[in-house]
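Quick one: the structure is below, and I'll ask about it shortly.
The letters A, B, C and D name the chains in turn, as written, and every chain counts its residues from 1.
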């Protein structure tokens, strides 16, 4: 199998490369495109010295070799929409890490990403790459919109309750905590070590671009509009997302019953682990894995469902590989456990 | 002025000592009691070597010198109730850091602290040491129940809305994030560096002993029963609490108006800083200060009020000194800015 | 292939299990012994839930199944010497993570490990598991003494200079910095998060049990007694060792020449990466890999050679797998890149 | 007393302001100059909101008010030499945080700071602000060159041995470890949280601008040329420097004797704490204090002397206040304990 990556200098692409090199299908990297062309991959990621001693090629979608099977786009939001039409035309199957093809409503996209959308046609073609719900569509998709890290955690945690109609869909609050790698690799004052170390803060309260993504897919699952309040926080750690979701139960539910329901809901999902009894998940147990760990509590008339995952793995790179596995008829778990 | 400390080996007492030594009233430490009697203070806290070269005295409330003005109890929950009656009888004014005298309802105490209460009589005498609301009572109190770190942040953030009757008192959710010093200085697996570093998790979901403390005082302020869901999380940092409170607004409120209301509410509170405009607080800006920083957002029909403070300062030691200042007719800010 | 692990609850065994499960030779875990028998592996290491759902078996060397190919001992120092004789007698090949079989001189062992040695006979049989130097002996060994984390970094960095006779063997200083996982998984005051976070200190100055290990093997390589001063420091991070070695050059050497010499020295060592030009290594680029990265500087008449690696990988678990590969005729790099 | 600060947006000036505001001499900040003029101090340092609600004034040495007693320069290297002549002419006493006036030899300065020196005349007037050695000169100085953070730790640790002629002055190695705030507040790739967190590396090996500063003053103390090899490392923590110094002893010295000698050497130095017996210092015990903690070991024919301090306090801002105290006839410890 041959895979290309455009935008191959991001943290997400570093993880993608690491996991692809390990993949039992013998994935070959046919093209690593970047605006930092000419630099060696190991100059940007010294961890790959002696492992992948090649140089970046230009950031040029048209230069992706014809015999490439899958193209991963690990580019900043708004860049993929320039590349995707040309890649799809040439017949490539594409997995896009950005938000460009996740939202059905172009207006919502433009409002949250503060940028016009130049490829609305392909939004409809795109399949949301959350394999726990859309595996059949992913298998046939030419374009997969790989989910955001926050939405992966939030949707997976609330989905069973939404789908079973147990919660009031306008009562959902997601209070999320993320490690700093989620902000990318570009130095900025907010991510300067002496500034963000030993500190916590909230940002983009009720205004983060992942909020409509969560609402859209939870709404789909519930068959009803979802009103989600999403509040992200920055945590002084490299990786990991912890999502604490709150929702009002329509009627009293026993905690143990709710936990069983969530457990059964994910019975066939190899990467979802529902904690039993008193146990609650910790981000650390999911780092560098494709697992999303879920914990369930009922407090009075409210459900509290926590979920955690590695923002660069199940929240990004390994989820993309899970999608690739499905698209190419491999076992979902290939190269991921 | 002469101050005694019982339980003087905790992190809270370390901070208390540091700030007392700096106090312009020239506070003398008349007694430092501990079960580690005989050890030097600087053996436990090397930071005090050359600053406070004395040894601990026994943990014995009866040995507190007669001429002591104020006794701080920085003891584990359930120990203060053994000491307080004897100290009050001897006429000392007492500031207790534990939860023993914060809850009016003995049953609620016994349920949450899993321990019988042997001194219910003095619960009624105790004044809750949140100076922003109870300064007059604190001034006259013989026994001050110094608030918990989480409740200080949560109550201060929600109080203006509760007091003004703007929110549904059964809709309050407090999602809090705390540094590890909040768990005390005793090594346990959960606080072992390679275990809790680079990780986040929730604990005691809807079952933390600070939940009824928050509900009781918010209910008092609102003149209505408060139903609070409190979910604490452990964050890999030494100090700091970030509290994110959610509540349904009874009717639509403009964000700027709400912010003005909160700002005015704390007009005369020297240690509350309400962030204006787009600004939101960060724990780091409150560390080693007695400030509680507050940020206000309105999202749809919900208010989101965030607050942060140093769990060992405004959440504990400096708040105690603020109480001491008030009790002894000093300026509230003496030794604290 | 079948592998057993005794002492399978340590951080080292967690990493060992992770890498063995991924190994292309299809390594089966035939026995996971622990004094915490009965507990599930995923109770101790939740990261393995859904991956390895088995319970620990008793800590009993005699219970290791007959058809096991290799037994890994991830036990505390002094325990392996009780197990090794019985395991060797039964014909197993053994890779021991402890210091029990690394030092030729029993007196030196007893002095540094503060414990009598009950199996001196097998010390002579043991091969030191540093594949860069002893691959041929490892291939034939029944008992491999897997090196310590500090010595792996220190020896690998200084070896080329020692072997080429470039440095004064009594001038070697190794100033090493280690993440906290090197101290094991048992909570102690020194490793309590609020105590060791945001702090650095030196410990066991010139008295660490790894000092004679470094000296012994460097002496062997140089064919002359080595006098090494070893000073370890604890760093607030989970994993990683950074070793800064200083030695007096016997005669002036050009830095570029010395770098070339070190580079050539490791030409056939797939896991040693010698940084070229101005580049110096960082621990982070070696974490979760079997690489040891080396940097070379000449300052006046002194050589400064830095090395870094993951204390739980090349400093422990993956080095053990590299040894296993060699012992069983596999490619050294199998399952490790 | 009136103090001005030029360059008042650096981490060092934040600490300086904090300690000055607390100073018992009632220090008034007469001028806070910065190129970020017009911004409020609390915009740059939110910790000062409600404490110091003023705006920055222009970066203009000539605008410093006439009645200012002392001018602190917390500017980047090479900027002070433009301001100092004008400030001295106007009669101000100046404490400069930069390296501009620390090195006697202009060539050495120009080589290490890669910048011509435009004010060599005043280098000779400047007194090195290490109060443990130069208190008399500081008392009379118009220009004090406040020492670098690394040199403060290194010189203080080695000085007693150098002064007593116990060590070979060409054998000194200083292996230092610093928190990230030492690198300043400007975001760069090396200090981007996900890059430098959980990692250690060495930098500027034998080429750091603090090396000649250490050598010059140790040489002075010994009355002999000092050859110092200085190797700094970056540690994932906010603050703190740990310096591990190695030197060959001219003749055998008993460790306890050496410790007594160092202890006596600093008998009258209120901010030096020499650890006794088995104790060794930790950076954390010096953070936010003006203390430098020292530990002494003898291993064979070598002395190992470790020292730690807060790079922003004794390594910068509080040392400057200690100097100010001395310059203005105050008690050395005023406002510092």
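Here is the rule we go by: a contact is a pair of C-beta atoms (placed from the backbone, for glycine too) under 8 Å apart; a residue touches a chain by one contact, two chains touch by 3 or more.
The structure displayed is predicted, hence computed values, not measured ones.
Visitor: Taking each chain's centre as the mean of its C-alpha atoms, give the chain farthest from chain C.
Guide: Chain B.
Visitor: After a C-alpha superposition of chain A on chain B, what does the rotation angle come to, in degrees rounded to the nearest 5?
Guide: 180
Visitor: Based only on mean CA positions, could you tell me how far chain A sits from chain B in angstrom?
Guide: 39
Visitor: Per the centroid of Cα atoms for each chain, what is the distance between chain B and chain C, given in Å?
Guide: Each chain reduced to its C-alpha mean, chain B and chain C end up 46 Å apart.
Visitor: Provide the C-alpha centroid distance between chain A and chain C, rounded to the nearest whole angstrom.
Guide: 36
Visitor: Going by the contact rule already set, what residues in chain B reach two or more other chains?
Guide: 179, 195, 197-198, 236-239, 281-282, 284 - these are the residues of chain B that touch more than one other chain.
Visitor: Could you tell me which shape the graph of touching chains takes: line, ring, star, complete or other?
Guide: It is complete, because no pair of chains fails to touch.
Visitor: Which part of chain C faces chain B closely enough to touch in the complex?
Guide: Those in contact with chain B are residues 11, 179-181, 183, 185-189, 191-198, 236-239.
Visitor: What does chain B use to touch chain A in their complex?
Guide: Residue positions touching the partner: 173, 175, 177, 179, 195, 197-203, 205-207, 227, 229, 231, 233, 235-240, 242, 244, 246, 280-284, 287, 295, 297, 299-300, 302, 304, 306, 308.
Visitor: Under the definition above, what is the set of chain A residues touching chain C in their complex?
Guide: 21-22, 45-47, 49-51, 198, 270, 273, 279, 281-282, 284-286, 288-289, 291, 293, 337
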